[in-house]
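The structure follows.
As written, the chain order gives the labels A, B, C and D, with residue 1 at the start of each chain.
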Amino acid sequence: MSKLNNLFKEAKKNKKKIFIGFVTSGDPNYKSSKEIIKEMTKSCQIIEAGISFNTSTSDSPIIMEANDRAINSGMNMNKTFKLIREVKRETKTNTCFVIMTYLNPVKIFGLKKFINQCNFVGIDGVIIVDSNLNSPEEKILINGLSKKKIGYIKIISPTNDDEFIKLSIKNCRDSWLYITSYFGLTGSKNVNIDNVKKMVKRVRNYSKEIPVAVGFGVKTPSQVKQVSKYADGVICGSSIVNKVAEGHKKRLKGKKLATFVSSYVKKLSRGIKK
Amino acid sequence: MSKLNNLFKEAKKNKKKIFIGFVTSGDPNYKSSKEIIKEMTKSCQIIEAGISFNTSTSDSPIIMEANDRAINSGMNMNKTFKLIREVKRETKTNTCFVIMTYLNPVKIFGLKKFINQCNFVGIDGVIIVDSNLNSPEEKILINGLSKKKIGYIKIISPTNDDEFIKLSIKNCRDSWLYITSYFGLTGSKNVNIDNVKKMVKRVRNYSKEIPVAVGFGVKTPSQVKQVSKYADGVICGSSIVNKVAEGHKKRLKGKKLATFVSSYVKKLSRGIKK
Amino acid sequence: MKIPPFKEINPPTKDGFWINKKTKERFGGQYISPLLVPNLKRVEKGFFKAIKDKKFMRELNEELLSFIGVNTPVHFSPELTKLAGGEKKIGKIYLKRTDLHTNHSHKPVSAYSCCKLAKYLGFKKILTETGAFQNGRAVASACAALGLDLDIYVGANDAKKLAINKDISALHGANIIEVHDSTKSLLPAMAAALRAFQSEPDSMYVVGSVAGPHPYPLMVRTFGSVIGRITKKQFKNLVGKDPSTIFSVCGGGSNMLCISYPYLKTKNTKIYAVESAGKGLKTGKHGATIGGGGKIGILLGMQSKVLLDGENIAESFTEASGLDFSSIGTEVAFLQSVGRIKFLTATDLEAKKTFMMMARKVGLICAIEACYVIHAAIKEIRKIGKPKQNHLIHLCGAGEPNVAQMMEHMKKNK
Amino acid sequence: MKIPPFKEINPPTKDGFWINKKTKERFGGQYISPLLVPNLKRVEKGFFKAIKDKKFMRELNEELLSFIGVNTPVHFSPELTKLAGGEKKIGKIYLKRTDLHTNHSHKPVSAYSCCKLAKYLGFKKILTETGAFQNGRAVASACAALGLDLDIYVGANDAKKLAINKDISALHGANIIEVHDSTKSLLPAMAAALRAFQSEPDSMYVVGSVAGPHPYPLMVRTFGSVIGRITKKQFKNLVGKDPSTIFSVCGGGSNMLCISYPYLKTKNTKIYAVESAGKGLKTGKHGATIGGGGKIGILLGMQSKVLLDGENIAESFTEASGLDFSSIGTEVAFLQSVGRIKFLTATDLEAKKTFMMMARKVGLICAIEACYVIHAAIKEIRKIGKPKQNHLIHLCGAGEPNVAQMMEHMKKNK
């Protein structure tokens, strides 16, 4: 059983929900990003680290800009692994780490090398936004990662059909199912609670077990609270990245930037506990 | 026999040549133009008065500008007749008057009315630049004018064929044949003496009698002299009109402008007597 | 489709006159300075020789098909039909897509043909005038293709207005001469080109419409009637019969005559020409020779209907440079005089609104000139109001040159 | 001429892959976020249904013939033949005149077809991207004709360059959205359009080339192959056999595939694609995916050859906005990989010189994109150097949008 499986299982047992924070790795640069992620380990049970791709087709403008900052500072796949390794070593945290990226960086890095590095660094899960269920790469990744007990996380949205949802559940057996609360881009709208309810219900038709976490448009502690009523986990992304941008514009750096961002993340995460 | 016929006949008898000055009637305005023409009667045996047409297709830029000045000052056919009548009355001159214009002003004025007015005012000849040998208007004009003993003057140029020259000679029986010294627009080049010799020779093949006057590009007393060796008359146009423009630019008016122009015309006309 | 052969069905007299036998009015002729006579004779003789020369005509037709692309579609326009009242009320409206020619107007057909004639006759250089630079561009392209030099005379005011086609003419290697005489528009530009024609014996003048001294009007409509000959066959193939009406815009009348000529003796086909009423006929600021009460006059080597200002030619006014002309072609004036062609008008504002409608609803960027006819045609077709009619509108050009002008209009009317 | 029917002769797998069996390389696929899956499925299913729907295809073909005017000429070019060495040395060079379409490029054929499909499938609005605004304009015109709303995504830098076609798109009623991401050119504009596609369930994405997730590359070349189908028949009629070579420019590869597709299995016809070498391949400032050593990558929903910069997509560079693309279409990459298409390059400067040559000697204003292929073709044909060959060059667009750029070039090089 994977560490992510365990985490959700324990939480369920204790009637607790999981708070998941997303941040772009290397935003605004390696050093500050490392501090931010280190601080975030204090309030996130799972951290999703985005690896930038300059031709991403699913990111909101907020995350596009973070991508630009990270790429311009020289960030890439290899450095992300290094960063997470350092964070884990320096914090000895229990927080799970999930990588979110696009297929091109992974493919150029090398599919096998990627799986091995994930294993070596101790990555717990992988989301590849544009990896389609039918692509040969998807099969290699799912098989390779699952052998190393690394979770593979699929995104589903209100417009996907039941067939698609069933297949996604199958592929996510070592992790969770990522439900988007609306049809659109990350961070472009506010969370749609009606959709959340419906989507969780649809998933539950096919699996009582699979953990579901909801993202897209969750921006305030009270939204976190609301969503956590229906889902096993809540994902905050764009609003955290936005905080990084805000701090960066204020010329905050390193620890100071990290504190600025993480105090916001902490507030969000409290939505779950209330 | 027309007055023009007489003039050339007398000149031939006395081995003299005729000086013909062209000026745009009403340039720069009625009053100044009248003074200019009055002064010009002192040195020109024939005055060609141009009646402006704003869409003329055969005038050099110098004359186009004179047309614009005249039209803008309100000049037209009727006023030209009035002007010449006044000049004749006030100077009691012997100078012959020829009107040079395009067919549109004549046609709009009325062909018959035009012939009658020419007769009434005492116009001695008419040149209509764009009246073609085959046009019905040409026939009416030739017949009407010749009945009143008013000469009809045709232009021929080096590129016209013998057929055309023969027909032109026939139509000019009451006046003279206007030979252009080159193929082009009035005043655009310098007189071409070789062409003059050849053209006069060509005309003499068909008529020993018909007077020939040469125009186009005659700008200096010595050119006048040269041309007068071969032709019965010499026509100066653009260079005189240019003088009007020059004086006008110097803000000369009325008598002063007239003196400025006519002193130049006098110099030109002396080319013949030397 | 092959180009159907030309048949002379409305010949002028040998001096180039079309004569209205009732009124005795004459249109045409050769009102030119004697200096022009030899050159015009060379062109006239050459033209009659060329159109009888099978090799010349075969080559010309091939090049018109392949290089100019004269085989453009005629097609039913559901949108315009609806706009005029619907098929049940007015029948069907068709468009002839002359905008799809190389250089995007009807001008290239006669321009290319005349330039080819010039080459055939041994001329080395072409002289032409232009208003909307549609003719300038068309002649420039032809001269480049045929290896002829070119001077284009353009009114200084027009030269400012239509930058693209001017630039394109320059890219083709044409020498562009701005004319600063009188109104600085098409009329003085034509006069300037004709003046140049009598100064340069190795150059042939090419006119931009069915105007000028004989044989120009005859030549342009004879060559240009390729458009009408193809259209007539296409329309028959498509609809099964000749159109009930043909609508074209009329500046000088070339596009109108080029498409309508083969129908002159087709009794059941009514022919309409649409002039620019500019700011409105009553304002006096217009370009409507017939609609504005033009009289017979003599200009640019021809006798035709013309807007007069005393003994001079009046200034015309319209925002469509291609229609900014105070006269009309000689054969056109004749056909109007004998009642074969009915004249209508549309204002500049109506044309601009039509441009926007065509862009938004039909998906076509039409020459502003063509928008006058579309507006007037829809109005007239609605008035005719008979079902089972087949109406043909000549879309004589594409509107790239008018884009800047129309963007301004759009901004103002937002 | 009627449009010859479509035959599938190079099908992808059902997942949209073309696979090189030797190298195991795959090109195509559907690399998209799960949010896009339902919309793409709707398009995919709809496309396969539509091309089997006789009424849809009959209407589409009629409209392509009449509204787009796809029946453009193929013609012999004596001038280009001479330039390449003369008929005795190289045979004959022909031009396919795709510049004569409505909207003056190849783009309108697939753009109109895809928009018609969108309407057929009940979409209310179109999303597309554009680089040279040729696609933007083509889609805008189609949307106007079909009554669909439209958002055009364009890189902020491109939007500045090509004012006419941008203005024309606006006149057609399109909403133009400038994209300020990364290179502010075609690539981020495509990404932005795809992003919009997953936010607007009632909108259909229309792509400007044979790129993007399955079924887009398949759809564009299937619809677009109308050009090749007509050409093949025309060429046979004109020359008596298929061409020895076909040359097209390759940005994404749509015009190349649209004309070459019907010849894929024609052994005696060599197919060439010409990429932009920008300032020169060695400078690194170019747009040559193949010529510049592109590798397999995944972007914009597809797996194809792409210019890489580490794990990211490299910036391309060329003065021809239509070629400013760091990748190529998926089927094109496959055909290159299996050796069916040979790739060449030409630099920006060579293209500009060719533009001037075409304007001056041939009389045509060509899209700058087309000038790369003309240059490279003449060079290659000279190299082939065999008589009795028949070479076909795809003149894929008209050059109005490039006039300003070329006037600068002309002034500098006077």
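Methods note: a contact is a pair of C-beta atoms (placed from the backbone, for glycine too) under 8 Å apart; a residue touches a chain by one contact, two chains touch by 3 or more.
These numbers were taken from a predicted model, which means no experiment stands behind them.
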Count the smallest number of chain-to-chain hops linking subunit A with subunit B, moving only between touching chains. 3
Outermost chain relative to subunit C, judged by CA means, is A
So, in whole Å, the Cα centroid of subunit B is separated from that of subunit C by 38
Centre to centre, by mean C-alpha position, how many angstrom separate subunit A and subunit C? 67
Going by the contact rule already set, what residues in subunit B reach two or more other chains? none
Within subunit C, the set of residues that touch 2 or more other chains is none
Chain-level touch network, classified as line, ring, star, complete or other: line
One finds touching chains in the pairs A-D, B-C, C-D
Across the complex, what residues on subunit D touch subunit A? 15, 26, 29-35, 37-39, 181-182, 187-188, 191, 194-195, 198-199, 201, 295-301, 303, 308, 310-313
In the complex formed with subunit D, which residues of subunit A make contact? 52-59, 61, 64, 68, 71, 76-77, 102-105, 107-109, 129-132, 134-137, 154-157, 159-161, 164, 168, 180, 183-185, 188
Could you list, by residue number, the parts of subunit C that touch subunit D in their complex? 65-67, 69, 71-76, 79, 97, 99-102, 140-147, 164, 167-168, 170-173, 355-356, 359-365, 400, 403-404, 406-407, 410
